[in-house]
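Naming follows writing order (A, B and C), and every chain is counted from residue 1.
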Amino acid sequence: MDPNTLKFATSHEWVHLDDGTATVGISDFAVRELTDLVYIELPEVGRTVSIGDSFGEVESVKAVSDLYAPVAGEIVEVNEALRNDLSPLSDDAFGAGWIAKIKTDNSSETSELMDYNAYQKFCESEKG
Amino acid sequence: MRNKLATQSLFELSAAGRRATTFPESDVGAGPLDELLPAEQLAESPPPLPELSEPTVVRHFVNLSTLNMSVDTHFYPLGSCTMKYNPKRHERLARFGGIGDLHPYAHPEDSQGMLAVLYDLQEMLAEIAGLPAVSLHPAAGAQGELTALLVAAAWFRDRGEERTKVLFPSSAHGTNPASAALAGFKTVQLNKSAGGLVDFDELVSQVDDSTAVFMITNPNTLGIFEKEIVRISQLLHDHGALVYIDGANMNANVGITRPGDFGGDMMHYNVHKTFTGPHGAGGPGAGPIAVRDFLADYLPAPVVQKTGEGYELATPSRSIGRMRSFFGNVGILLRGYFYLRTLGASGLKDVAEQAVLNANYLKAKLADVLPVPDGEWCLHEFVASAKRVKDERGITAMDIAKRLLDYGFHAPTVYFPLVVPEAMMIEPTETESMETLDCFAKAIRTIVTEDPEFLHSAPHTTPISRPDEVAAGRNPVFRWTPACDS
Amino acid sequence: MAYLLNTEDQQQKMLESIGADSVADLFRGIPDAVRVEGLLRLPPALTEMELEAEVAERAAENVSAARVCFLGGGAYDHFVPAVVDEIAGRGEFYTAYTPYQPEASQGSLQAFFEYQTLICQLTGMEVANASLYEGGTAVSEAAFMAMRVTNRHTKVAVLGSVHPEYRQVLETYTGNLDCEVVTIPTPDGTCDLNRAAEALDERTACLIVQHPNFFGCLEDAAKLTQIAHEVGALSVVSFDPISLGVLKNPGSYGADIAVAEGQPLGIPLQYGGPYLGVLASKKDFVRKMPGRIVSEARDREGRACYVLGLQTREQHIRREKATSNICTNQGLLALRATVYLSLLGPQGLREAAELCCRKAHFAAEQLSSSDEFDLMFDRPFFKEFALRCRGGAAAARDRARASGFDVGPELSRFSSMGSAFTDEALLVAVTEQRTREEIDELASVFNVP
């Protein structure tokens, strides 16, 4: 997916909105910062999340990071393939590395999120 | 020389029919067990443990022991861990008949010697802390923290105060925030550093009437005394909050300064650091706490009290309860007692002085290759930075740490605290000689000139080389199975 | 002083190289106002010889240790083979630190990996950690673990027959949290299954069972596990490691978390600690586990080796979000248990368990034939049982003491912890070390012919 079509949260999740369904993942920047990933805890399908809820975890040897829901709604699908192979998270963060799909009924709630340009600037400031 | 035959796993060494320990025949009859216990509760066969002979067991574990570095065999300058010599006399005394074999529910009249020793230890720890009430109950430092925070919570509750926040600097040990969270508090980390010390202005901005406790290690994890500690304590007290002193670094304070005198209301000791309880490759420890008089009634049970003729176990009137079963980690507490009785007041002060002398000497010897960013002189430990060698030669703190193993030195603590880039936290302790420190310094000075590629793959002489932790993390194996053999 | 090494000359040289005038100078950073003036008020220093004499004197006052031990209640006088002391007494093990540097700690790491495996073999569980403090905190840690696994944080249920001190620890640990601890009364010595079912609901994170329980009686741990599972709660079972020489293990009946006081596994009594907290569980819950865990790995040459695994759960990395605040564990005691289980093997453990069980039943029969005692509970028991003493438990214990026997504890010690903890109730524990002769002599104190 072209990152320019995505929205980003300050906690490094990306969202792609498509007709009430939000596809969610974490950015390539976040994956790099975590270094070699070893495990992902995916959310349960059917769970309802509010914005900012922790809905899973990614773990490296050195750190664990919570996944925070960038939109509210019901988890309708998770990327089962990641359970056995985490490489899509680093190789194709904005595509095959998607984590969950959230059915959302309110499309305006992404207003707090950044576009790719703003997100890249945000990451620069995090590094500094 | 490694004996690879003997260090195969116990399970590979097993052969059906072998055994070591046997027991006497039953002298009370040997009828079918299901006459005593319901048949449906009985296992069909005993657990599938390995079957081994005694010589095999001995050779296995003795050989395994030779794969370790330890204080008995090597210099072990692990910062924040106070790896000092563990006196052999303690080991013998702790096993004495009447001590090592005393049951925790022995009648108090039949355990007066033990209670007297524990009472004396309470008194000595109160004196060293400058805080009058001591509980020997907590099993380790982290449990001491949790205990004290629960004591604080109960005290505030009794006063009708709702205080929800625990503050700590970013250089705090991980146990501080973990204990605060477990005790039900909201954790607030102070992120700024003023030359390695707490940033007073940041603290001012965070302290308010919802602050319960400020947890601080002093000297801090950089080995620097918080010189504003009195002002810091005053600020907390002005807001009605309490000050907790993490006693991990007490080796620099003993006989020199007391947490109770510099404003602490509560503290824990790590008997296994400061007072020579051996670390046992991860434990046991003992984490007694000392508190101010107004908190004494909240201490966990039991405490030892003096009566007219002797000693008894008592439950303080507003006690938070129990933190563990039985009295405490008595075996470790006793080693602390033996140590303090061996040193006396003057010996204890010598410990702090010599520990600080050794640390400063080593710091000076390394200053030009591994500079220490903060502080002029350190106390019992210092945090050097390998940033410059990393920038100039691509050699990391981890490379140096691993290569030190080849030179016969245990590695310092690395990458903690996070406030120092490429941190190497070095605590030599007082039980090392100048000659050892000289050799260690020379080893580091040599290492930073070695081929970086060679260092990245260090160590080269240890029983194993660097493990692949990423692969282990992806496919962790926590127990032996027959498939492990392949 | 024996443990300091630098001579006066050396100290002078060191000061010169530091650029300090005196050792006192190095403490400049500590404000004068908070310095100790002079010396602390501590007892005078003793030489090794003097200390040994004094400790010997104190030890002799602990006359309980010289008596024949029928004391129980969670700590037992089991036999400890010499090899256990010998191995645990090796400085390479007991003076090492936590094995954070795997290249310099393979001895301890392999021993802990073997410990984890032995605990799995013993319990029938899939994964064990490398130890917790002791049996009481292990129960609380298991309860917190169950809360994380079930995502139910407001209620745990515990049987009244669980060790009263373990229950007190649980109450203290949850004291400042929004978590209700529901105690299911066990006035008859074991749990009534209907009562357990009534106490549980879909808010309950776990049901905590001790089996054999504090009174020595066997619980129906299998049914209680089912009852917990019916409401989606976890089954936490606190077991006696020796009992698993004869009893079905927690894994066989589906327990989710198995915990224990590991003291019976080769650890001396030493007045209550250090002991060993055992914790094992189903593999799926491993990331919710507290404490250190050793994992197998490969080094750069592909050789099998061991490392501390899943460290990101722990406080030094995860801080306030860690699965526990525990840092120091009980490594040396885990080593003792490893050596002990290696020495006993399956047959030795079965023999020890059978001897405890047979001797306890013999003792119960002998003592209950005295006019002064009844068995409190008509329930199957393993190595420990509760007596109802007509003349009061304290008086019975005193008579035994006067004749060279230590029996107990009296349950009145825990009088606030349930209706069974009366002034008449006395526990008696019988290990493989007690002989028929000793049991007969104890009975004769109470007029059993």
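Methods note: a contact is a pair of C-beta atoms (placed from the backbone, for glycine too) under 8 Å apart; a residue touches a chain by one contact, two chains touch by 3 or more.
Since the model is a prediction, treat every value here as computed from it, not as a measurement.
Taking each chain's centre as the mean of its CA atoms, A is the chain most distant from subunit C. The chain pair B-C and the chain pair A-C differ in C-beta contact count, and the higher one is B-C. Once the centre of each chain is set as its mean CA position, subunit A and subunit B turn out to be 38 Å apart.
Subunit B and subunit C have Cα centroids lying 19 Å from one another.
Subunit A and subunit C, compared by their mean Cα positions, are separated by 43 Å. Residue positions of subunit C touching 2 or more other chains, listed in rising order: 317-318, 321. Taken residue by residue, subunit B touches two or more other chains at 469, 473, whereas all remaining positions touch fewer.
Among the residues of subunit A, those touching two or more other chains are numbered 39, 59-61. Subunit C contributes residues 287, 311-313, 317-318, 321 to its touches with subunit A in the complex.
Of all the residues in subunit A, the ones that touch subunit C in their complex are 39, 41, 59-64, 66. Within the complex, the subunit A residues that touch subunit B are 36, 38-39, 59-61, 86.
On subunit B, the positions that touch subunit A within their shared complex are 469-470, 473-474.
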